[in-house]
Amino acid sequence: MALLEVKDLKMYYRTLRGQVKAVDCVSFEIEKGKALGIAGESGCGKSSMAITVLRLLPSNGHILGGEVRMDGLDLLSMSEEAFRKAIRWSRISMIFQGAMNALNPVHRVGNQIVEAILTHEDVSRQEAVERARRLLDMVGISPRRFNDYPHEFSGGMKQRAIIAMALACNPDLVIADEPTTALDVMVQAQVLRAIQDLREKLALSMMLITHDLSVIAQTCDDVAIMYAGKIVEYGTATEVYKKPLHPYSMGLVSAFPNIAAEKSPVRSVPGFPPNLVSPPEGCRFHPRCPLADDKCKTEEPASVEVGGNHHSVACHKVDVTAGGIDIWVQ
Amino acid sequence: MNGETVAGQAAVQPAPRRKRSGIADFWAQYRRRPYGLVGLVMLAMYIAVALAAPLLTPYDPRKTEFFLADRLAAPIWARFIIPRFRNAPPTSRYTIHPDQWKVERQERASLSFEEAGDRGETAVIRFEPSVEGGGGARSELSWKVHYGFNPPNTFEGKVTYRVEAPPDGMTRLSLVIVDPEGKEYDIWGTAVYGEQDWTTAALDSRDLQMKTRLNMTIFDDPAKVIFSTKGDYRLVLKASSESPSAEAKLFLAPAKFNILGILHGLLGADHMGADLWAQLVYGARISLIIGISAAVIGVALGTTIGIISGFLGGPVDEFLMRVADVFLSVPTLPVLIILSAFLGKNMWNIVLLVAAFSWMGSSRVVRSQTLSLKERAFVEAAKAAGASDAYIMVVHILPNVLPLVVANMVLMMPVAILYEASLSFLGLGDPRIPTWGRMLQNARAFGAFTELAWWWLVPPGLAITLLSLSFTFIGNTVNEVLNPRYRERS
Amino acid sequence: MGFRTYLIRRIVYALIVLFVILTFNFAVFRLMPGDAEKMIIDPRFSPEARMALRKQFGLDDPPLVQYWKYITSLLRFDLGQSFATRRPVASELAERLPNTIVLFLTAFTLTMVIGTAVGVYAAQHRGTFAETFVTGAGLFTYAVPTFFFQLLLLMLFGYYIRIFPIHGTMSAPPPDGAFLRFLDRVHHLILPAGSNVIIGFGSWALYTRNTMLEALGQDYIITARAKGLPRREILYHHALRSVLPPIVTLIFLSLPGMVTGAVITETIFSWHGVGRYLMDAVLQQDYPAAQGAFYLIALAVIISNFMADLVYGLVDPRIRVGAGERR
């Protein structure tokens, strides 16, 4: 049994202009010790999915259907209080984007870690402090900076402190939401290495959300490509990179600069992500897809498994894309 | 080519914000905001009241028009809502013309009328010379008046007369009120020996003189006692003469008789019987003048300081901002209290003082705006073209900070009005000018509380509140339209 | 900029303001109309008596000497003698100061506590009656002149429904027994303090609500929720704690306004305090008394401004620990 099982999850935001279908019938699984990367343009619903799993939705976000199970336990039907105590941070924790204000500016960094430990575990404060120091040390921050305030940390240090905080209660699953965005390239590399090391050392299961495919390539086993609230392609990282089957994934993969390749022009998928209040009929990608035909405009493609290894794709044109032609060449 | 012309050319397009259609544009945005419109309508009403003050009230509170009614008279409408005023009297004023006197009794006397120069028609009572042992001559004139209310608190009257008599003559004159039941109250009297030129005798039911004449104590109220029933009253003028040597003549000019109302006008009367509605209406003028002029002066000062400070920078900036800090840390109201006591109770002193303590906010906002404008291309261009600092500040910076300045000015107005009201309320206002603050101060000092005269207290307070509210609405709306960036501040 | 530099700056600044106020105080009162002499010296006095009095009030010294004497004596709280009562101003003020402090602290504490509590509550319960109430109260208290509101309360509760005394700090004669006397004091305190609280708490609550809402939308609140902290903890330890610096600063920044508001409140309710003393002195042209009262009020304002700066520095780690970032 998978550690985290998400099935047909549906989460809409209610707004004045109508319902925003941010997460629409999404299903995936994360096995113990594995890392799943979720990639997509901003606004495709990937962050909404993260906060749906942790049930941190704003008041206008509503889960309209589907299941989220952890070791078979139904997370959506738990009471708020039980979920808070039993799941948040102790079983699922989250790495936020450090450049944002994820650390409270008026509390010492160390105490913010201690607070997480004390909330979920029955240990003495002293013990919690000791653990927090070790955690800081583990992510490469000197324990002497335990008493510093967030504003005294650099961007990379803040991000690493947040990682340390995420590990405070030995969670089974860590959700990382854009953990390297807004950091400069050198620091990005450091942070990624730290995540990678910890994952290996602690055998962490992880769900990594990013718009940057290279990050997933470095750290994840599986990858799910999200477009307009739906997962359009799902498979092992190597397979999806090597042989993307959905036109959108193909675009993303080819947009991903390959330093090894000699002179591949940096490209991106032309067009804009759709408005999620009234997404396009049929395949949501069809307005941007060079292969789209009438069927794509009217009929929503189901996800089909292609060639084993759980590689699945939701596209009517799999037979074309599987041929291995670069459809994005102008 | 001199610097001026080049700078002038740069000024053709000083900044993107200033457009030809600026005002139309502004109004198009302003009118969409309900609060702004409400504020504008309210302000328009205030301005209309202020302008039309002389049309809205026959009285002018700047003149001393006292005892239009009884002290602390209630408004006319109090009759309908407050039981104790149900049948209270309004003010009745009578002028008794000579020909209105009715002859009640004449003994060796006759009544005629004659023109007496500027006094108009006068009544003349001729008394025949007195005879040995036979006594004098007498005459009684009466004038009837109907009274149909609850007892009043005060009545007053004036009798104007002249006596022409030989030096040994003695003429007596007295006024008696006869109530509907026939009871007589001798309210006034005098005796004239020989001749006397035109004299006006004032009689007042509050005077101790009348009370003693009526055998009442100082705590009694003649008006209440005399007019305690409803019906026809007679005012009887009794005159008699003992003039042995020759005929005596008594001339009577028109007399006055007033019953001061316990009800008066739209808002009643103050402790001096002056009209409160007139004070309220004229108060709108004063408040608007004070609020607008103090805000204009204060913000103009603040703008000047802000532009200079921001544009010149360096030690000048440091100094001016420290000065602003000091002004900000000083307890404004106590300073204003002391200074207005020091400078004398004068409206313009208050305006200047309020202005002097209200420039700091606008100077800071203008300064920060100037700092950013200074870096803009058109200023750089003007500088490069050799325009002088003063020229750049006036031609390039000033027009661009104006939107901020306007909003600040409008928001300053309620502050100025409140300061003025507070000072007036504390008794430091201009005593010659009716302001809302002074109305409140009078209400507090002169008995509105013990009489529960809320109609004296509520209107001026409400007037201040609504006026500040309307300025606040307008100011905030102007700010929203012109300075969207500064919206959250202020 | 470290905390120490910050502190020193604020102290220097407070001293400058104090100096400006002292000089103002000196200059204005020397220049007051109706020469002080007329006030204290009866024309029927003999020249000798007149001289003696001039000397006693120090009116004959050259201005600079007067200034020096004035500064040094003020710093020793020797405020001279009242023209009106011929008593030392300092002891007259000392008699009234406790009354003012009681009124002021009561009003201030209640305003703060109620305002903050209502604001926090409204921030938690968006779109409910509480929110409408806070917005309305904020607007109301912004527009209504305090003294007008106080007059209304006085008329309503002092004269119409006579449940509160209409003037003074206590009944004359005071009731027997310490407890009854205390109750009597409280009874007298309710209107003056309560009116200030009602006028004050609205804008407080509105401000607290707005800053709380802003804080509740911050990323670190999501972090705190993700950490599984209890709701209460998130609200107080994270949201409220992080808006404390601006709130506390504003609390102290509003002190001067309340101190000066005391002048009007005390006048309206005939409160036997420093503010009313100032008013009486000004109206009676009792300059030493007015000067002393003004000095005391100004001092209170300077101190509260300084406290605002100090507390801001203490609650905001960015200043307290100081790593260069200025707000």
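Quick notes
So that you can tell them apart, the chains are marked A, B and C in the order they are listed, and the count of residues begins at 1 in each.
Just so it is clear, a residue touches a chain if its C-beta (ideal position, glycine included) is under 8 Å from a C-beta of that chain, and two chains touch if they have at least 3 such contacts.
Everything numeric in this text was worked out from a predicted model, so none of it was measured.
Chain pair with the highest count of contacting C-beta pairs: B-C.
Ranked by how close its mean Cα position lies to the mean of all protein Cα atoms, the top chain is C.
With chains reduced to the mean position of their C-alpha atoms, the one farthest from chain A is B.
Computed centre separation for the pair chain B/chain C is 33 angstrom, with centres defined by C-alpha atoms.
The distance from the centre of chain A to the centre of chain C, each centre being the mean of the chain's C-alpha atoms, comes to 54 Å. If you average the CA atoms of chain A and of chain B, the two centres end up 73 Å from each other.
The residues of chain B lying in touch with chain C in their complex are 322, 325-326, 329-335, 337-339, 341-342, 344, 414, 418, 421-422, 425-428, 440, 443-444, 448-450, 452, 454, 457-458, 460-461, 464-466, 468-469, 472. By the touch criterion stated above, chain C contacts chain A in their complex at residues 218-220, 222-230, 233, 237-238, 241-242, 244-245, 315-318, 321, 323, 325.
Residue ranges of chain A in contact with chain C, taken from their complex: 51, 54, 56, 84-85, 87-90, 93-94, 96-97, 100-107, 115-116, 119-120, 148-149, 151-152, 162, 165. Residue ranges on chain C touching chain B, taken from their complex, read 13, 16-17, 20-21, 24, 28, 31-33, 142-145, 147-149, 151-152, 154-155, 158-160, 166, 256, 259-261, 263-264, 267-268, 278-279, 282-283, 285, 290, 294, 297-298, 301-302, 305.
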